[in-house]
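You will see two complexes here that share chain A, one where it goes with chain B and one where it goes with chain C.
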Partner chain A sequence: MNMKTPDFDPVRRKFLSSVAAAAGVMLAPGVMLYGVTRPSSAAARAAGVEASGDVRWGMLIDLDRCESDCNECVSACSRENGLQGHGRQATDAQWIRKVETSSPHTGASRSLPVMCQHCAEPPCVDVCPTGASFKRADGIVLVDKHICIGCRFCMMACPYKARSFVHETLEDQKPYAPRGKGTVESCTLCVHRVDAGRTPACVEACSDAGGGAMLFGDLNDPDSEISQRVTNYASQQIRVDLGLDPGVRYRNL
Partner chain B sequence: MKPIIYSEIEGRSARFYGFAAILGVFVLSALASAYYMEHNGHFVTGMSNQIVWGMPHVFAIFLIVAASGALNVASIGTVFGKTMYKPLGRLSSLLAIALLVGGLAVLVLDLGRPDRLIVAMTNYNFKSIFAWNIFLYVGFIAIVVVYLWLQMERRMNRHVPAAGMVAFLWRLVLTTGTGSIFGFLVAREAYDSAIMAPLFIAMSFSFGLAVYILVLLAACRGSGREVGDVLLRRMGRLLGVFVALVLYFTAMQHLTNLYAAEHAGVERFILLDGGIYTLLFWAVQVVVGGLLPMALVFRSASTGSDKIVRTVTLASVLVIIGGFAQVYVIVIGGQAWPLTLFPGMEVSSSFYDGAIAAYTPSLPEIGLGLGGVALTGLLILFGMKLLRFLPTTLANAAIDPHHVAAVEKT
Partner chain C sequence: MALRRTAIVTLAVLAFGLAGLTTVVAGVPLPAISPGLGDSCVEDTDFMRREHMNLLKHQRDETMRKGMRSEQYSLVECINCHVVEGPDAIPLTVASPDHFCRSCHDYAAVNIDCFQCHASRPEPGIE
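Entry: the complex of A and B
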């Protein structure tokens, strides 16, 4: 923030951008190749290429496979994104949490992970005064940490309590998941992994060490596994009555 | 009726500078509080991921709501043509600006990144009610400055009614915007209602007039100017009407919610078993800030001229205390009630799902809020010292044509 603006040299800048473009062309195929190994239908996104509106990233979570005592998705998220608690529950950031629900009438209970639901009509984006809260063309809802002023209106507006305010000084940040003291943050759907053709950390952890309840993929691709499943089996959205069309869906809620 | 003469307050006495110094200390402590909060991060405050807006917002919203209401006194003179209120217009405009600046200062200093104020001024999301409010606030200050200039420059006095109308309409839109910050929050059961806009307008009428009365009485007393009981009685009664209006909208806010079974929980929380919020609602907002001041001002017809100052002052103080409690219940109480993600289910999590959120205001938050009030005070104080805001007298004979006629007849 305090860096001085270097003197502008058009020739140098042009040269550098050519080099960057050339490097992008060289590297892109490699990234694409990596994407082939991904479990979902769409390819990885090359650097400098805008997110595509043809894709809608989403998640389907099968609660019959989600155990109450399993916290793998939450731990994986914290590890991946460098969310270190300070032992202060009320102010520590939580991008994903396990919610236990039970019916007061029947006693039937469920355990489910809740994170940013990556709405198609996100209220956090509507209310943000500066446009720091935004939705990418591929449906991922993010916060631009450079223009977030920390007003927290998005936290007031989010129906899912998905957002956290960074209440303390940060240390040891992950370079791919930048955070900012005094700004608001939430689940990024591990956008850095998704852009590299991988699945979010929580999904991977759930598959490796948990019950394999979480499925990630492109809701717009009719051939993707997630599309097939939401087409063939009933799934639910949390607070569907609000009409926000969340990208995170649940089965057996 | 003689033309009204305005003059500066002297502002050279030890008392003046002593008072200014006290306000200055509060402003400095607010700056220190803001630095402390920004340096350490907001975890040092009572605010959390559950109560995201705390005491600074209570102060800021109270001041901003009162700002638009303080301008009403000028509007009553110019827009509604009440002669008795015309001498009060200049001070009303000064108060409106000072209260708004005080409130905004608190709001800005509480931001997670107050250093990015320029970002808020250069990046706009026009779908955001918050972004509209930035325009409404800045526009309000600009319009009131022009309105004030037209009032103070005699050659331009003929344009005052037009400017007064613009300012009046703008302030209605502004308070609508402030109320809608809450009204547009569809997911929060305590808000999510179109009534928030008119409720906030009614609150602004009431809080603004109460603040105006207190400042006017203090300024006139401090500079040895007379305020006649005719004016005071009239302002007192008007305050009573405004307080009744707030109670009406508050009643409708809760009755509407009570009728919907889905909101029974949040209403039960605020009205019945919400602890501090229930206490603040009934005891402070409704009784101390509503019924009591109404009783005081509507029974003041028989109050002697010597006691009317005390009665109206007391009523105004009670309205401000009740109003502050009301904003606290709306802002903090409304957030303390948890979001309903799974209607009809009992829920729990490590992130306080389904739990009533705890909040204890911290000293820096209160310090920051009081600093905003002090900044408002300083602006008013030095405004009155530098320019002619205050009429030399508000005695009955000076401001009430009927009073003069009555005296002449006898």
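Entry: the complex of A and C
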């Protein structure tokens, strides 16, 4: 009996894809295209060049190195973005905060810096009625305050409580971090620094003054340090059950 | 009749008095705009007068949505160059009527809300 062979041959497909991947890796470092398609976190994007969808910025936070009494990332964020408290904890802007968790069974505790998780499938973007909440091509989730009407749907939709609403009239904001009354805001992954080829303020502060727990980089670049670590060591996204694929990952949770 | 003329003259004097910082060229009061720090603006004056808002809006969307940052039409660069210093050599914010943007926008009676969110003066310590 002559049976028809199926069109799809898993072995052959696997072989082809591995060849394609290898070709990509080999091609990348040689040609000028390397810088255009895969800018590392160290390279600033030239002025007038769009953020690329080939990049996905992400963060890996090693909780074994994060002490619960260390607040360097939070204060660096406030300094960088000009966040000032008004002594009202319930409503003061909070772009990153330390969350203490402990296991009721073993008593083991962990301290997590939690900021906007820059989801691949951000619910804040889904619910925004004006299109102000959006995800940039390189995976950074932002609020376009020019068209934000302050409805705060996104704040309700975010499972990480990552967003804040500005209740007060502000003055003397940072030139690179505009913020104003009546709009929602959250961690921008220090987009102004990232575009200039630097790392976010929290990551810098963590490596300078903290435990060096935070690593920032391109999750799409297989050669980046963050990709290597994510590939080689177990890491977790928080509330992974929601299927939002956050760009922020935690180790030793 | 005489009373009426006096009233008109008084009104005119009041109007000029209110104009305060305006300069008068050939009978028309004009706003006193401070020049920028550089030699010339990114485009010529006539073009900027009519189109600055469009340039800023275009640049705003490119920067915000696509991450395309260019210095040429960036609001931050406008603010850095058109800085006006107060008597204490500290850059004025938009709260002052002498602020570059405000000096003209007050004159034209056009309200702008850029500075509800954006910084209206260069960051202290950065030249």
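Just so it is clear, the second predicted complex is superposed on the first by the 211 of 253 C-alpha atoms of A that agree within 3 Å, B and C clash if a C-alpha of one lies under 4 Å from a C-alpha of the other, contacts with A are read in each partner's own complex, and residues count from 1 in each chain.
Methods note: a contact is a pair of C-beta atoms (placed from the backbone, for glycine too) under 8 Å apart; a residue touches a chain by one contact, two chains touch by 3 or more.
All values derive from a computational prediction rather than experimental measurement.
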item	value
Fit or clash between chain C and chain B when superposed on chain A	fit
Which superposed partner A:L242 touches (first chain B, second chain C, both, neither)	first
Chain C versus chain B, contacts on chain A by residue	B
Chain B versus chain C as contact partner of A:C73, first or second or both or neither	neither
Partner chain(s) touched by A:I61 [first = chain B, second = chain C, both, neither]	neither
Touched partner set for A:S164, first chain B, second chain C, both or neither	first
Touching partner for A:V203 - first (chain B), second (chain C), both, neither	neither
First (chain B), second (chain C), both or neither touched by A:R45	second
Which superposed partner A:Q173 touches (first chain B, second chain C, both, neither)	second
Chain B versus chain C as contact partner of A:T183, first or second or both or neither	both
Which of chain B and chain C A:D126 touches, first, second, both or neither	first
Closest Cα approach, chain C to chain B, once both complexes are overlaid on chain A (Å)	11
Footprint overlap on chain A, comparing chain B with chain C	169, 180-181, 183
Residue ranges of chain A in contact with chain C within the complex	45, 47-51, 134, 136-138, 142, 144-146, 169-176, 178-181, 183, 191, 195
Chain A partner contacts - residues on chain C that touch it in the complex	60, 64-71, 76, 79, 93, 95, 116-119, 121-123
Residues of chain A that touch chain B when the two form their complex	1, 86, 88-94, 97-104, 114, 123, 125-132, 147-153, 155-161, 163-169, 180-184, 238-239, 242
Complex interface listing, chain B residues touching chain A	38, 40-43, 48-50, 52-53, 111-117, 119-120, 123-125, 127-131, 134, 181, 184-188, 335, 339-342, 344-353, 358
